[in-house]
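Two complexes are shown next, each including chain A; its partner changes from chain B in the first to chain C in the second.
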Partner chain A sequence: MTNAWISGTIIALLAGAVGFFVVLRGSAFAAHAIPNGAFAGAAGANLVGINPLFGLVVFALGAAFGISSMSRRTRSDVATALALVMMLALGAAFLATSSAYEPAVNALLFGEILGVSSSEILPVVVLAVVCALGLTLLYRPLLFSSIASELAVAKGVNVRLIDTLFLVVVALSSALAVPVVGALLTFSLMIGPPAAARIVTSSAHRALALSVVFSLLTLWAAVASSYWTDLPIGFFVGTMSAAIYLAARAWMRLDSRRSRRALA
Partner chain B sequence: MVGIDLLEVVDVDVALSGRMVLRDVNFRIDHGEFTGLIGSNGAGKTTLLRVLLGLQDVVRGRVLVHGEPMTRSNSSVGYVPQKVLFESDVPVRVRDFVALGIDGNRYGLARRSRHTYELVDEMLESVEAAAFANRRISSLSGGEQQRVLIAHALVSKPELLLLDEPLANLDPGSAQEIIQLLHSVVTNQHVAILLSAHEMNPLLPVMDRVVYVANGRVASGTTEEVVQPEVLSALYGHHVDVLRVHGRVLVVAGGDERGDSLVADHPAVVLE
Partner chain C sequence: MVRWILEPGLFSNGTVRTALLLGALVSVVSGVVGIFTVLRGQSFAGHALTDVATAGGSGAALASLSPLLGFVGGGVIGAGAMDAIGVQRVKDRDVATGVVLGAATGLSALFLYLITLQTSTTGSTQSILFGSIFTVGPSTLPDVALLSVVVLVGVMVIRRPLLMGSISPELAAARGVRLRMVGIAFMVMLAAAVGLSAIAIGSILSTALLIGPPASALKVVSRLSHAVVLASVLGVMATWLGIVFAYDSYYWFGSGRGLPVSFFVVADVLVEFVAVNLVARRRRLRVVEEPATTAMPEQVGWI
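Let's look at the complex of A and B:
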């Protein structure tokens, strides 16, 4: 259980920060496609008997570079969809060939936080530090190109490079989160909390910080709920992420009603 | 820098997708001049602005800033696009957005000094946008956003400001306010302005020079020199008339070889 808390906390901190930019850039589809595609990597790694994290990282990075490269020639949603279907097709082939039993496949799809072993913590920490450093380095040009790409280009920001590097950060974060939260619902942690955060504050710094806090609260609550109910953690992360967004919307609506009344 | 123009465009040809869109472009802009880049939609104004920003390669010719070849992201040149589409709940305040004009291209976390924010506030003050410095940028009206975009471009202290159709989405009242604001920028901050527009009349009171784009070619000079039937007829490649009515200039396609008056959807028809 301790391993679950440690790896879950690291993943939540990272997903909150990465998710802030995912929502800001309108990259939700890429954040959905990369972990789903990476699932095929884990299935492939199982097939050849190596650490699934290795397969996840390789396939997630492949998806990131594939989306980035194809987006230069076609619409980014089409590029993302093509990368997703190619990797899902590979995943289907790997699963059909593999002797992996159903619970292992379920764990990859829907998450299995209680299955995190001590030996898996170190790679999670290392990759999370790499992602955090990457985000810190990219912060200003990433923020600039996310809100006003044309102006960023005119100011000398290499928007294509920033796009690619950000997708690499999304890929590594997804690879960390898939074994814990599950391929299907990893992206919910990168969408719900940051989408809620940006509703309640107009400051980028505060929205980023709030996104991390909301993500952490969501994951901690999901770990506890999963432990007590035996339901997959992905279920709780998905529903709680959506709930936190709806709660933020409702709170803002009440707040603006109160402001209107005060003015009247 | 005495004797050297701020911006000099010499014999520039530009091609897009293998098709020549601008030929033999020549003009100069000096410090503190207000220049209108006038032409109908699709004439090549935005392409020319991209050339001046170093974002579009030329087939031939040179673009010089202070006599030196133009480089991408030259700090002497600021840029205001036609419009930036901000999402409704984008979590960025006006003040922070303007500050990105100073350091948005630098890597690492922002550790902005008091001096940076003083500069930002000064620019917001100069475009009369200080009142909404702490508001979410997406909550502003079109005219207010245009002011903020101008502050964003001015905050890095450029000597030349390029504006791509800044009046296109504004109502006439807001457009007049922006023109007066830009005129005060030229007068008070001695920044040269090149503003693209498809209609020159709103700019006539403030424009020192005009760069007129039509038919892939350019004529430049004062309004009196350029907006003449002979000059524009040569530019369009067929006869056009220039009518001056109540202080407004109308550029109208003239009669064709049969003596008929052309009023069709040709770029030369009722240009102004």
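Let's look at the complex of A and C:
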């Protein structure tokens, strides 16, 4: 349980920060496709009998590079869809040829809070530090190219390189989040809380900080609820992420109505 | 040689015959709806609705309702939710799709977990999530056929305003097209088409056939009618080849254990995409040499 709290907290911090840029750049589809690629990697690692983390990282990176290289040929949403189905089909083939134990597969898809052993904490910490460092280095050009991409191009920022590097950060953070939160729900942690934060404040820095806070609250509440009810953590992460977004919208609507009434 | 490619008994097998028919039907519907999905840049919504439909399907399985109702109903409700959150601006669309997708996958997680508690059978999660064309009985065929016809007729009816709204929203609005209405109508058809294919061939293939063949067709063909026909043909080809390979693969390893159909169909879809890209590039090189022979897509009769 302690392991789940530690790794969950690290994942939430990272997902909140990465998710802020995912929402800002409108790359939700890529953030959905990459964890699914990681899932295929875990299934493949299981088949050949190597450390699943290795499979997760390699396939998540493969999905990221696949999306960014195919985006040069075709629209990026089409490229993402094709990369996604390729990864999922490989995953299905790996699962069909290996005799994977079904609960283990479900854990990878929907998350398993008790699936973290203390020996797995160290790689999670190392990967998280790498991601945090990458995000810090990328922070200024990434923010610049996300908000004003034409201007960034004109100023000589290599937008394409920034985009690829960002997808690499998404891939690494997905690889560490998938075993805990699950391939299908890692994505919702990167969308709901950041989108809620962007509604509540218009300042980029404040939105980034709030996004991390919301994501932490969502994950902690989800881990606790899953522990008490014995229901899968994915259910709580998915619905709570959506709930926090809807709550932020409702709150803003009430707020603007109140201020209008105060003026009148 | 023929015997080597087509394992004996392929066409006399009832399951395979149903799969070939269903696959063709769904590929055509996906090809037609997919052309507009790709043109409108709604691949993400198209994929997300599959997962939303899956949540509906697992909910229906839990409540022992008709799975077709669950898949299609779930998809349509999801499309409505996306519209309610806001799909007008492109960036809002991304978030709206993402929030609905996240909530729906959360529900799938719950439903599938409850199903495994209830039935204690294994394999249900994967069969609902990944699907297999071989598991559909012939009894679903009439329902799927009926819904397919409804979707195809619906797209036919709104094709002109839809196309205009997809290519040039300003022009369409100026000509009095009600973009929002057309957009909602299309989302409902997309949800129905995707729900249909998710139940018939599984969610992986649903996205593969919705996006792959239409994206390939749009690379080489510039008329709408041609693109629709080519996308359907490419889709049916990929599906049929995939089914044949999957059937054969039961004999490849000698263990009576084949690779999944979805793997082969996706591989075929990707091979087609790469091949079409090569053709398009060669054609572009030729066009540079003799530019007079080509016309802009708009001139050839897009609208």
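Throughout what follows, the second predicted complex is superposed on the first by the 264 of 264 C-alpha atoms of A that agree within 3 Å, B and C clash if a C-alpha of one lies under 4 Å from a C-alpha of the other, contacts with A are read in each partner's own complex, and residues count from 1 in each chain.
Please note the rule applied: a residue touches a chain if its C-beta (ideal position, glycine included) is under 8 Å from a C-beta of that chain, and two chains touch if they have at least 3 such contacts.
From a predicted model like this one, the values you see are computed outputs, not experimental measurements.
Chemist: With chain A superposed, do chain B and chain C clash or fit?
Modeler: On the superposed model, which is not a single observed complex, chain B and chain C fit side by side.
Chemist: In degrees, to the nearest 10, note the angle that opens at the C-alpha centre of chain A toward the centres of chain B and chain C.
Modeler: 80
Chemist: More residues of chain A are touched by which chain, chain B or chain C?
Modeler: C
Chemist: Looking at the overlay, what does A:Thr136 touch: chain B (first), chain C (second), both, or neither?
Modeler: first
Chemist: Go through the superposed model and pick first if A:Ala154 touches only chain B, second if only chain C, both, or neither.
Modeler: A:Ala154 contacts chain B only, not chain C.
Chemist: Scan A:Ser203 for contacts with chain B and chain C and give back first, second, both or neither.
Modeler: After superposition on chain A, A:Ser203 lies in contact with chain B alone.
Chemist: So, does A:Val126 touch the first partner chain B, the second partner chain C, both, or neither?
Modeler: In the superposed model, A:Val126 contacts neither chain B nor chain C.
Chemist: May I ask you to decide whether A:Ala250 touches chain B, chain C, both, or neither, giving the answer as first, second, both or neither?
Modeler: neither
Chemist: Does the superposition put A:Ser188 against chain B (first), chain C (second), both, or neither?
Modeler: After superposition on chain A, A:Ser188 lies in contact with chain C alone.
Chemist: By the touch definition at the top of the document, which applies to A:Asn106: first (chain B), second (chain C), both, or neither?
Modeler: Touch status of A:Asn106: second partner only.
Chemist: In the superposition described above, what is the shortest C-alpha distance between chain B and chain C in Å? Please give a whole number.
Modeler: Superposed model gives a least chain B-chain C C-alpha distance of 6 Å.
Chemist: On chain A, which stretch or stretches are contacted by chain B in one complex as well as by chain C in the other?
Modeler: Comparing the two interfaces on chain A, one with chain B and one with chain C, the shared residues are 26.
Chemist: Help me check something: in the complex, which residues belonging to chain A touch chain C?
Modeler: Per the stated touch rule, the residues are 23, 26-29, 31-32, 73-75, 77-78, 80-82, 84-86, 88-90, 92-93, 95-97, 102, 105-106, 109-111, 182, 184-185, 187-188, 191-192, 195, 231-232, 234-239, 241-242, 245-246.
Chemist: Hey, which residues of chain A end up touching chain B in the complex?
Modeler: 24, 26, 136-141, 143-144, 147-148, 150-157, 197-199, 201-204, 206-207
Chemist: Please name which positions on chain B make contact with chain A in the complex.
Modeler: 53, 55, 72-73, 79, 81, 84, 86-87, 89-93, 96-97, 100-101, 103-110, 134-137, 139, 149, 152
Chemist: Show which residues of chain C lie in contact with chain A when the two form their complex.
Modeler: 38, 41-44, 46-48, 51, 90-91, 94-95, 97-110, 112-113, 116, 122-123, 125-126, 129-130, 204-205, 207-208, 210-212, 215, 219, 257-260, 262-263, 265-267, 269-270, 273, 277
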